[in-house]
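In the two assemblies presented below, chain A is common to both, partnered first by chain B and then by chain C.
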Partner chain A sequence: MSESCKVSSERRGDVAILWTDGYINNQGGEEIAKEAYAQLDRGARALVLNLEKTRIVNSIGISILIEVLEKVMDKKGVLAFCGLTPTIDKTFRIMGLAQYAEIYPTQEDAVRSVTTHTA
Partner chain B sequence: MTVPGPASSTVRLDELWKRVGAILGSDQPLSSRIAEAAVLATGAQEATLYLRDRDAWIRTGEKSTQPLSPGEIPEPLPEGIFRRQGELWLPLCAEGSVHGALRLLGVSPDHPPEDEANLLAFLLGALVGAHGLARQVREAEFELKARLLELESLYDLGLSLGGQLDLSALADEVLFRSISLTDAGKGSLVLFDDADRVLLERSVGGEILVPKDCLEWTLPEGGLINNEAPSDGMRDGGCRKYLAVGISVAERRLGVLAVADKESRDGRVLDFTPTDARLLSLFANQAAAAIETARLHRDALEKERIERELELASAIQKQLLPRDLPVVAGLEIAAKNVPTRQVGGDYFDFFPLSRGRLAFLVSDVSGKGIPAALLVSTVHAAVHLQIDEAKTVADLISRIDRHLQRFAGTRKFLTCFFGLLEPDTGVLRYVSAGHNPALLWRKSGGIEKLSATGVPMGMFPNASWKEETISLSAGDLLCVYTDGVTEALNSAEEEFGLDRLSRILAKDGSSSPDALCRMIFDEVDAFVADAPQYDDQTLLLARLVG
Partner chain C sequence: MSQGGSAPPGREVSMTIPVAPEMEIVATAQAAALGEYLAMTRDKIDEVKLALVEACINAFEHADCRDEQLHLTFRLGQEPKGREWLEVEVLDKGKGFDSQAVEKPSPEKTFHNHRKRGWGLQIIKSLMDEVEITSGKTGTRILMRKYK
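Our next item is the complex of A and B:
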């Protein structure tokens, strides 16, 4: 696993897809938040976080993801996750992230769903 | 939250609170409502709400994602309202703590009056305080969920590891959960084999973290090191504080699980807590049980594989040995092969030829198991293919050798005694390719050794062998054997030896080959008793009868 989490993104209309690669801890969470906020500031209304290259998330990373989620909700946007390992999927459900953000098995499913929301 | 102000700021007080109440009761986020209420109450052109998040300030509203500029919030923030460069600041306090601050732009220097501003700050402070309390509740809820996650993880890990026989996947599972649940910035898991050599290493966040104490197996009681700085000689990956625990089963150390640099939201490195240490120990215990299970499973599979290989090798070898002894006029023959559990690759064979002649061989190939059985198979095929083509015994051996050099690969060789006996004349032509000396018992008295006439086959390219000729008289007995007979070991690790074999021949050489064969094996069996044997035993006896 890479030493630090890398985040890349792509914009498809109102939807921004963010890919993470590595450990979502304090540093990884901040990288995600930075990219997510930049996308929101550029008018994105929906974020899809693809975590297929992430196998570890700690509680600091989760709290940052919750902050991102709150910001998205403040802007009446929507956030979705995809590509989660079974462990991270369960972690998100227990920690309450799944309460306000949908979790999808694939990126296609996630993008299709949030696109409907932003239409 | 930044809210632009209305065109006019002249609002009656009762009307103001009515409108403020309506705003506060709306379904907007609380931060928006507070800023909007402040604008309405003060006639400000713009209001920005800042909230205290632990030790940091955050800006709410539309510009919440943008970082604060230096000096944007006065530090330290006064406890009462104050004005700064055309801004009116309302610190929002509750229960003696500052929970937030409102920055109002575009207010007139004398409006609102100080008492109204103080009242507004008090009311909004109470709201923000409530908001802070709600946040604390959320944080407490988060902590509870985190504890629940720990319990669930322990349960899940137990289930997951129970069926996990792949050491590598097992190590990842344990390491990832350990790092995640202790909020460590990095971590590693190292497993050692029975000889304390590194069997497997996994790391996250940098170099493998191996405390020197763990390598030297001098972990303190309980096998735990907590919140220590890396020591000299430690492969620390640049960590500052680490928590390490040994993975062991009974007295046997299997590895070490270490995490380092517990993270905080503000970037500080925290101490690992007793809960972290307990959690890591529990993970290590679960890992130890799972690793032991995986190891036992791997050993069982390996044993099963070896058993199958030996069975196959034994079947191959058995199929190549003659089922019946040839009946040749003028000769009495006996032969026996006793394979060991670890197939050693002994091979003997007979080839009845024209004019009543008999060719025979006794051979011992290098190696054990499938490789040995395949080499025997190669030799068997080569002899059967070449025996009619060869002009002499030495020529036959050279042909087989070339075949081996070509097809049997490297580091494969065999010793072989090949004889061609003419019962009519009693002439024995033979080549011994590095084989144990055959014994010729003379009826007239004495035992002669027929020593090697060349090197083992398959060992050197272009080797050659000398063919010897010797005459047998009626009643003489030839004894050819493999080293499994003479090197059979008893429990004191003494060899049966050539002398014992010679003594049996000297004493009972006149017995029939069958009887003598039984006698020799009985003597060997009695000698080795219960000691396990690791080499095949093969014996071939041929007597020239008059």
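Our next item is the complex of A and C:
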């Protein structure tokens, strides 16, 4: 379907930025996890997930994002989200993602913060 | 719903979706169209859409629907005092469940635990203004309302 999530990424030193585009369900979550794990395997110490082109993340997708976050935490890394709609932000807070990951309004803020953590 | 106000005749849309991957997105298009008709904010429409997604995927995963379909009804209405609302009913002809027996999820139970699911009803209740769940051996009905 046209709503399926596309994931792209870019590496900036120790920081990997992942952009999503579309609906994050189980398939979208798996696409994000695949790219995130590949970046961690290639030595990234921080991930920034920019969701500005996503308007719906269902609870299955969030459960996969939590798995990604746990893996980042296990590696002593840091994960930050940015570009969240108010509804996605609210849902992340309901499910506790905001307790363990950082949330920033803009990609610039998120990258600046995680770069500080990895320095 | 408890707050009163019913849908005038003709302000109701019904649709049936098959139990199939991503069909919940088809349903959200209808919710968005009706939310826009009411001139709801985009954020409120997003909340209705996500609540609807969660209701649909709950049924897809757990209801074991006899007819392999979900029956959706969207209603527009107005309270006596004037507040307009969008109501969404999700009906499945599945095996039902005891909503009182569903364990309430928490971030503490979710993180570093194998069981990360079970948030659907919590999300629905958090995003919608009113939610009624009735369930029995013949199926489950989730009725949820969002005020403009």
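Operating definition for what follows: the second predicted complex is superposed on the first by the 117 of 119 C-alpha atoms of A that agree within 3 Å, B and C clash if a C-alpha of one lies under 4 Å from a C-alpha of the other, contacts with A are read in each partner's own complex, and residues count from 1 in each chain.
In this section, a contact is a pair of C-beta atoms (placed from the backbone, for glycine too) under 8 Å apart; a residue touches a chain by one contact, two chains touch by 3 or more.
Because the structure is a prediction, the values reported are computed rather than measured.
Applying the stated contact rule after C-alpha superposition, one finds that A:K71 touches chain B and leaves chain C untouched. Of the two partner chains, chain B and chain C are each touched by A:T87. In the superposed model, A:S63 lies in contact with both chain B and chain C. After overlaying the two complexes on the shared chain, residue contacts for A:T118 are found with neither chain B nor chain C. Of the two partner chains placed by superposition, A:S8 touches none, neither chain B nor chain C.
After overlaying the two complexes on the shared chain, residue contacts for A:Y37 are found with chain B alone; chain C is out of touch.
Touch criterion met: A:R55 reaches chain B and chain C at once. Residue contacts after overlaying the shared chain place A:Y100 against chain C, while chain B stays out of touching range. In the superposition on chain A, the residues of chain A touched by chain B in one structure and by chain C in the other are 1, 3, 23, 25, 55-60, 63, 66, 87, 90-91, 94-96.
Against chain B, in their complex, chain A makes its touches with residues 1, 3, 23, 25-26, 37-38, 40-41, 55-60, 63-64, 66, 71, 74, 87, 90-91, 94-96. Per the touch definition, chain B reaches chain A in the complex via residues 29, 61, 64-66, 141-142, 145-146, 148-149, 152-153, 156, 172, 176-177, 179-181, 183-185, 204-206, 263-265, 267. Residues 1, 3-4, 23, 25, 55-60, 62-63, 66-67, 70, 85-87, 90-91, 94-97, 99-100 of chain A are the ones touching chain C in the complex.
Against chain A, the residues of chain C that register as touching in their complex are 22, 24-25, 28, 43, 46-47, 49-50, 53-54, 57, 105-108, 110-112, 116-117, 119-120, 122-123, 126-127.
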